[in-house]
Structures are given as structure tokens and as C-alpha cells.
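Pasting the structures here.
One chain, subunit A, links the two complexes that follow: it is found with subunit B in the first and with subunit C in the second.
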Partner chain A sequence: MAYRKILFGMQLGLCVLVCVFLILPMGLSVIAGLTNNYFVGLDSGLTLRWVLEVWGGYHDTIFRSVWIALACVFVTLIIGVPAAYVLHRSPQRLARWLEELLVLPIAVPGLATALALIAMYGGWGNLRSSWLFILIGHVLFTLPFMVRSVLAVLGGIDLHTLEEGGASLGANFTQRFFHIVLPNCRQGILAGALMVLTLSMGEFNMTWLLHTPFTKTLPVGLADAYASLRLEVGSAYTLLFFLMIVPLLLLMQAIAQPRQKKFELVEDEVVILLSESAKS
Partner chain B sequence: MIYMFLPAAAFFSAFFILPMCRLFLVGGSGAIGWRAYSVIVTDSNYFNALLATFGVALATTVTTLLIGGLVGVFLQRYRFPGRSFLMAIITLPMAFPGVVIGFMVIMLAGRQGLIGQISMALGGDRLVFAYSFLGLFLGYVYFSLPRTILTIVAAAEKLDPKLEEAARSFGANTWHVVWDVIMPGLKPALISAGAICFATAIGAFGTAFTLATRINVLPMVIYTEFTLSANIAMAAALSFVLGALTWIVLALARSAAGNTVAAAA
Partner chain C sequence: MSALVPQALSIRLQGCAKTFRDGTRALESLDLSISAGETLVLLGPSGCGKTTTLRLIAGLEQPDAGGKVFFDDTDVTTLGIEARKIGMVFQSYALFPNMTVAQNVGYGLRILKMPKTEQQVRIREMLAMMRIEALADRRIDQLSGGQRQRVALARALAVRPQALLLDEPLTALDARLRDALRVEINQLLRSLGITTIYVTHDQAEAMALGDRIIVMSHGRVEQIGTPREIYHQPGSAFVANFIGSMNQLRGVVTPQGFTCSAGCLNWDRSGVAERVLFRPEDVSIVTSSEFAELTGVVKASFFMGDHTRLLVDVGDEAPITVLDDARCPQAVGQKLYMRVAPLGLMSI
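The block that comes next holds the complex of A and B.
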């Protein structure tokens, strides 16, 4: 028994160590962002001046990121949800093949995708200097998450029977889609939308190559600040990023929880989907 | 019904398939022509960058799987006060972009980092390794640990406890149970999580960009070719190869782990 206790203790220790490793730098960064002089330490006093400085100099990047993320959610909803529905109804082999294609932008590093977009459309009128160029990249990268998220929910409900019921009562295809299909996969749509929002706001790989001085996003501004401004400013900027992204993440977890009972797979799906964002 | 797929198909063809074809052509259009695609193994500079990239990626994968496996199984097995708090902490960094992860490493091991302060306080030199391979490795582990742990937790939930009881009742000791019962059950999850770790570490740009001013990993080489040397053809060829490598790793893992990973790449 003592042996098992030691084993338990060691595992718990490792677990706590991992959590410290993950949370410690976040804490340090928050403190640095609120400290007058991080080199001197907390004795130099707490201040909001760095946060205000960042807000003054970079708030446009924050608004732009939010705007692009919302536009990205909009586009992925319009083209992704119907696509997921078609994939769900298609023959399995075809669906698998199409899905495979659709997730390629996640598998291929953003650097390659961005270079490809520049090689193809870099010379097209004003597109290169427009925020739409960044939006295109973000939609490519986030579309699979929306499609997957909706597909996961569609796989958990008996849509066929529901639709048949609707059809026997005289509902046409459009009515069935809007009154049966969409309401039934709203959980997946919501989860997908949150994920798209989060990923778009944090996307850096592609955006760094796609952006111009007039289309800087939040992560691009962060990279700028890390490279050229003092640690306190970089930290304060990071603090603003945390304030935006952490509530989204918590919300995402919260909506993943209750569904767990209904469809066992769903929480795993969220984990898998999140782990697909494996592109730093 | 099929027309509902058209917007997505049109978008995808116009902005991914066509550009990728173009990238392939651009790669062969430079001063050295199609040889650009073989240079990655024939030119020692590029080849060393490739080896370095693989080295860091491999080290990241092994470390992450080891720690993530232990922590994941532990968190799934035991219910103890504070467990959900630990889980919440682990989920928190999941959506951080690579640049932010790089900054986290700087907070730990940079010039004003905690590790340096501690090493000074202990009377030693200021320990700074954020901008070396070790820093990059730390960043990739930071990035991959949360998703690996959560994948393992999800997979461990599906393990059948009866198998373990059976093994124990036949006299298997803890190590036998771990090796012969738990490991095979977790294999698909380990393979898929490992592949994602590896693929991420090969292609990750943000973390390398924040940290790797002096480290030659493939994404940084591509970026340098593109911006500093304006060698677009070489950058295109290298990034096409990088994309293909990443895709192959994920595809191999998927076929090795069976359909359960189909969702994971």
C-alpha cells in the first residue's frame, strides 16, 4: 500500500509541476505588464501605464482582429454549415475524401499557405493591401473546424428520421433545412463559431506574411512589441490578449460540458478539434 | 442538394488548390530551376536546417508523450480535490498562438526571466537559454502538452477497467499492466497526439519567430529566404517540401493508428 501511495504522490507531483510550468509564465507576464519596472521588481510599484500605452498605440490592431474574426465566423457559417450537411449526407468514401482535402490547410504549415496565396494573388489590384487578404487566409484555416464541429453533432442525431417526419408533413427542402437541420445542430454551430473566433484572433503564421503595415492584427502587433519594445509593454499587450482569449476558451469549455451526457463523443471531438489547431 | 457544397468548394479551389499549384510552379522557376526541390537534401545548409528541425521535433514529441501520457492517465484515474482546477489550468494555454508561447519562454528563460533570476540568487551566472534550441524545445513542449494531455485523458476514459482487473487477477504486476494493458489501449491516442506534436514542431513559425533569432530551423530558413534574400522561388520550394513533409507525417500516423485518428489530422 505504501508503494502505491508513493506512486500516487509522484504522479501528483508531476502533474502539479506541469501545471506550474504552464501557468507560471502567464502569471509572470501579467505581473510584468502591471509593474513599473520589472527589472527592479514589484518594489517599483504597480501601474496601468503600460496597459494604457499599449491601448493608445495598438488598439487598432485589437479592433481589426475582432473585426476579422467576426467576419471569419460569418463566412465559415455561410459556406461551412451547408458544406457539413452535404458531407453528412454524401456516400462515406466521397465524404471522407472531401473532408481530407478540406483539412489540408490545417496540416500544411501556414507559412506555405501564405506564400501560395501571395504567389497567386499578390499582384491582384488592391487585394494584397486589403484586410480581405487576411480574411481569406483565416477562412481557409478555420473552415475545417466549423465543418468538423457541425459534422460531429450531425453524427450524433438521427437527422434522417427527423427530416422524414418533416417531409411527410409537407415541409420542402428549404423549410426542413432551416427548421429541422439548423436548430438541431446549433450546439455544433455554436462550438464551431467559438473555435473559429478564437483561432482567427490568435492566427499568426499566415497573417505575418499576409499583413501590410495598414492591416496589422493583434498577434502581429504582439510580435512587433516582443521584438522591439520593452518587456513591460510586451507583457501589457499580452495581458490584453489574455483578457480577450481566456473568456472565449472558458465559454468553449462550458458549452462542451453539458453535451457530454447527450453524445459521449462530443467532448472528445472538441479536444481533437482543438488539438488540430496545432499550428503555432 | 449538392449546390450547397459549391460555395465551400469554390472558395477552397480558388484560394487553396490553385495557389498551391502555383506555389509548386514558382518553386521550380528560380535560378536553379527544378533542382530547388532537391537542394534541401543536397545543400548542406538546408539539410542541416532540416536535421535540426527534425531533431527538435523528435525531442519535443518524446518528452511531450512521456509527460503527457503520465499526467493524462493520472488525471483520468483519480478524483481528488483540486483536480478540476488543474484541468482548467491545463486547458488554458490551448489557444495561445506561437508568438505568445515564445514570449512565455522569454518570461521563463529570457534575459529578465525567472530562471536567470533564480540562478543569480543562488550565486551562479544569469542562466539565459530562451533563444537557443533548448528554448525552442521548451516552447514546443509548452504548446503541445495541453492538447496531448487532454487527448490522453479522453482516450483513457475509453479503456476497459475489466481488462486491467483481469490482468491483475492473473498476477500481473503494475509494470506489466502498464506495458501490456494500458499502453496498447492508448496506442492510437499516443500515435495521433505524437504525430500532431511532431507536425507542429516541424512547421511552427510563431514560436521560432519570437525566439529563434540565431536558430536555423526550416520555417525560419524559409522566412529568411523570402524576406531577406528575396529568393521567392527557393522559399516556395522549401515551404512546399515542408508542407508535404508535415502532411506525410500526419497521414502516416493516421494509417498507423487506424480510423480513430481520421478526425485528428
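The block that comes next holds the complex of A and C.
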């Protein structure tokens, strides 16, 4: 018993340590964005000046990021959900192979993908200077997350028999897809959509190469701010980013609650994907 | 109640074989006709092709080239299941987890675009028939196995199908519930008068429900007949051994009767017979050797509640099974004198 307690204590300690290590810089950053002069410290007083300054100068990047993220969710839904459904129904070997292929955009460094995109499509009309160019990059990067997350849920239900049940009651393919298939992978679709939304909002690697002065996104603006302006401004920018992303993450957790099991499957997938993307 | 089923359907399979894409020959060429209003039971061991036959009739599988499925006199071979207007109950029930009980039962009506108020009436009627009115608003994962079974039946019957196909609907339930639901389904089918095909590997279920039983093995029909015919006049050794328990003795026909190592049975039928079959309930135990046809030694005894089951060594390769009194059975090791009712003797 005592051994268990010690073990628990050690685990708790490690957990707290890791959390502090990760959260402290974020906390500092938030505070930096709210202080008058970071080098003097909190004694210089708190202010919203920097936040307002960032809002004044960069609110277009914020709106653009939100817009691209929403468009990205829309496109990945339209492509990803049917793709997952088809993959789920197609013969094992082919499906596995295609799934692996889908992960490529995550495994390959974002910069490389971006360069390839520019080399290939950079000359097409004025696509290069359009926000659509960034959207294409983001869809490439986030699509696997949508597909995998829907696939994970599909793997947990006997969709084939459910569809046969629907067919025996007279439902045709379209009716079955909307009445049976979609509602039963709702959990995976929601999880996937939120994941795509947050990933697209935070994507920097690829966007940094793809962007033009007219198509800056929030993370790119953030990098600019850090590089060329006062630390307080950069931090205020981070603060704004947190304000947008944290509610989304909380929503993601909340959706995960009711059907724990299915989401665990999704989480496993996410962990795998994230570790793959970390490698690159 | 007959209003529930507009008119019963007759079904005919003609030369229906099934070979799966991986080369598995699940069904040899099968000819079969099911008359309107009949309950036909497909019975056989696991993997014998029962589900495959049912799925051919449902339209979930296509027969190999040359096979044809007729509903009444219409060729429906190329019609998908959506168009066949049959009700189906799956072994796993296939209830929709994203819908309530009432929505599940009403799904077929929703597809038919029946007016909402009529749907409500029909749903209530079906729930009442299956005695699950109280569950109308439950989700599927809040139901017990037996309740799910009822919902699946109600859902299949709600659209008033021309025929009802059931694939081992009771297998997932415990023995007690299975017995209760078996009686209920039997009454329901009789009162509806709907053409029904019922798949099971449980012979008691088959006996209780079927107007006729088809015994299958390895993708082939072994015998088709009423439960009584199947039980008392098995057409093959497989059927004899698969249905109920059967004793077997080897011997030769002599002027005295059928002579075997344990004695001589009263056998007056013409022709040769190398082995005779008889059921345990046709064996009676007699007290003296004077009236005995067979003599043996009790090897084992099993108390079954309402009777005792004895395994008796009669010098043949397998011991024979004999039923004995529940309260004071013969002791193990004791010598036993037996007679066999002449009507119970069969040879195959």
C-alpha cells in the first residue's frame, strides 16, 4: 500500500513538474502582453495598450485565420467524411495503403510541401496571391486528421449490418448515408472538425512559405510581431491567440465526454498522428 | 389481425447456388418453394449455409449465374433488398443506435413517406403488439437483449412486409428468455399468417416453430419435411443424428429378427439392414430376462430433473442411451434388460 502511495506521489510530482514547465512560459507570455514594460516587470503596471495595438494593426490576420480555418473545416468535411466511408468499405489491403498515403502531408515537413505547392501551382493565374493557396496547403495538412478520426469511429460500429437493416426497410443509398451513416459517426466528425479548426488556426510551417503580404495569417503575423516589434506586442498577440484557441480546445473536450470509448479511439489516432508530425 | 398482412407471399428458389468471391462454395444448387403463410425453418450446424440461403431470399446476396428467386410468380432475382418489401430480423438486430425505440420502429414508415400522424398510430400499434410501449423513448443502448429483440421484430413488421425473414433471432438471449420469446413469436406468426423463414441451429426452436423444417449440412439440403417427419422418419444418417438423440446398433437380419451382440430385436420388415436406429424414448426397461430383447450394463447415469439418462453398454462400438425413472434409477454397473417399441425402429 505504502509503495503504491509513493508511486502515486512520484507520478503526481512528475506531472506537476511537466505542467509547470509547459504552462509557465505561456503564463509569462500572457503577463508580458499585459504589462506596461516587461523589463521593469509588473511594477510598471498593467495595461490593455499592447492588446489594442495588436488588434488595430493585425485584426485582419485574425479574421483571415478564422475564415481559412472555417473554410478548411468545410472542405475537409466534404472530402474527408466520404473518403473515410469509402476507405472503410473498401478491401483491407488497398485501404491500408491509401491510409498510409494520406499521412504523407503530415510526415513530410511542411516547408517541403509548401515549396512543392509553390513550384507546381505558383504560376497559376493569381492563385499565388490568393487566400485559396493557403487553404489548399491547410487542407492537405489537416485532411488526414479528419479521415482518421472518422475512420476510428467507423471501426467501432458494425455499419455494414446497420446499413443492411436500413436497406431491408426500403432505404436507398442516399437515405442510408444521411439517416444512418452520418449520425452514427457524428462523434468522429465533430472531433475531426474541431481538430482541423485548431490545427488550421495554428499552422505556421507551411503558411510561412505560402503567404504573401496580403495573405498573412495569425501565426505568421505573430512571428512578424516577435521579430520586429516589442516583446510586449508579440505577447499581446499570443494572448489574443489563446483567447481564440482555448475555448475551441475546451469545446473539443466537452464533446468528447458523453461517449468516452469512441473518443479514446480517436485520441489514440491523434497521438499517433501528432507523434508522426513531431518527427518531421 | 389479418389486416396487418395484406396478402401472404409464396417464395420459390430455382437452382440457387452461391459461391463467394474467395471461392467458398456456401450453397449447392438449391430448389425450394415456400407456400404463402407458411413458416419454414432452416436448420443445420454452423457454417452449413443457412444465413446464405436467407440472404439470397432477402436480396442481400445474388445467386450464382442460373439461379432465380421468385416472389409469387415474379422473378425478383435482380431486385435489391430495398425493393423486395420483406421484413428482416438480423442476428445482431441491427437496430440504429442514433434513434430511439419509436424512431427505429417507425424508420420503414418514414422511408415510405407515410403521414406523420399515421406513423404515430402504427408505431404505437406495433409497440403495443410487442408489449414495449413503455420503452418508446429509450435509446437502444438502454435496452436489454430481450427488449432489443422485440424492437427488431416490431421494426420489421411495422411496414407490413410480404414476408418475414429471421436469422437466429434468439441466439443472443439466455435460455429462459429464449423459451418465453419462442412461444410468443410462434403465437405472433400464427396470428399474422405471414410467410416466414426462420434460421436457427437449435432443433427445439425448429420443432416448435416450423410448419416445415429444412435440415441442411455443408451447403446441401439433407431433408425437407414437417417436424414429425424429420423426427420420426429421418431421411439420412446426418438428420437422424442431428435431430434429438439416436441409438444405433449393428447386426444382421435373421429369421428371428434383427440380431446384434446384445440380443435380438423384433424386426419383420423385408430387405437387409446392417444397422438399426431407435430413439431413447422408445426403449423400455423390463424386470426379467424373459421379456428382454436386449441386455446391457449401465455405464453411467445422469440426473436430468424429470428423468434419468443412462448410458448402457451393449457390446456395440457406442453405448446406447436409455431413459429411466427420475427418483429411483438403476445403479451404475447393474445389468439391464430392455425392449424396443417395434414402431420406433428405423434403418437408413
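One rule holds for everything that comes next: the second predicted complex is superposed on the first by the 250 of 280 C-alpha atoms of A that agree within 3 Å, B and C clash if a C-alpha of one lies under 4 Å from a C-alpha of the other, contacts with A are read in each partner's own complex, and residues count from 1 in each chain.
Basically, contacts are C-beta pairs under 8 Å (C-beta built on N, C-alpha and C of every residue); 3 or more make two chains touch, one makes a residue touch a chain.
Since this is a predicted model, take the numbers as computed values, not measurements.
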Fit or clash between subunit C and subunit B when superposed on subunit A: fit
First (subunit B), second (subunit C), both or neither touched by A:L127: neither
First (subunit B), second (subunit C), both or neither touched by A:L94: neither
First, second, both or neither for A:A107, with subunit B first and subunit C second: first
Which superposed partner A:L28 touches (first subunit B, second subunit C, both, neither): first
Where the C-alpha centre of subunit A sits as vertex, the angle toward subunit B and subunit C in the overlay (nearest 10 degrees): 100
Which superposed partner A:I157 touches (first subunit B, second subunit C, both, neither): second
Partner chain(s) touched by A:V18 [first = subunit B, second = subunit C, both, neither]: first
Winner by number of subunit A residues touched, once subunit B and subunit C are compared: B
Partner chain(s) touched by A:S168 [first = subunit B, second = subunit C, both, neither]: second
Closest Cα approach, subunit C to subunit B, once both complexes are overlaid on chain A (Å): 16
Subunit C-facing residues of subunit A, complex: 157-158, 161-162, 164-172, 175, 179-180, 183-184, 186
Subunit A residues within the subunit B interface of the complex: 7-8, 11-12, 14-16, 18-19, 21-26, 28-29, 32, 38-39, 78-80, 82-83, 85-87, 89, 96, 98, 101-113, 115-117, 119-121, 136, 139-140, 143, 147-148, 173, 198-199, 202-205, 208-209, 219, 222-223, 226-227, 231, 234-235, 238, 241, 245-246, 248-249, 253, 267-269, 271-280
For the subunit C and subunit A complex, residues of the former touching the latter: 58, 60, 80-83, 85-88, 90, 92-98, 107-108, 111-112, 155-156, 159
Touching residues on subunit B, where the partner in the complex is subunit A: 1-2, 4-5, 7-9, 11-12, 15-16, 18-20, 22-23, 26, 67, 70-71, 74-75, 78, 80, 86, 88-108, 110, 112, 114, 139-140, 142-151, 153-154, 174, 193, 196-197, 199-200, 202-207, 209-210, 219, 222-223, 226, 232, 235-236, 239-240, 242-243, 246-247, 250, 262-265
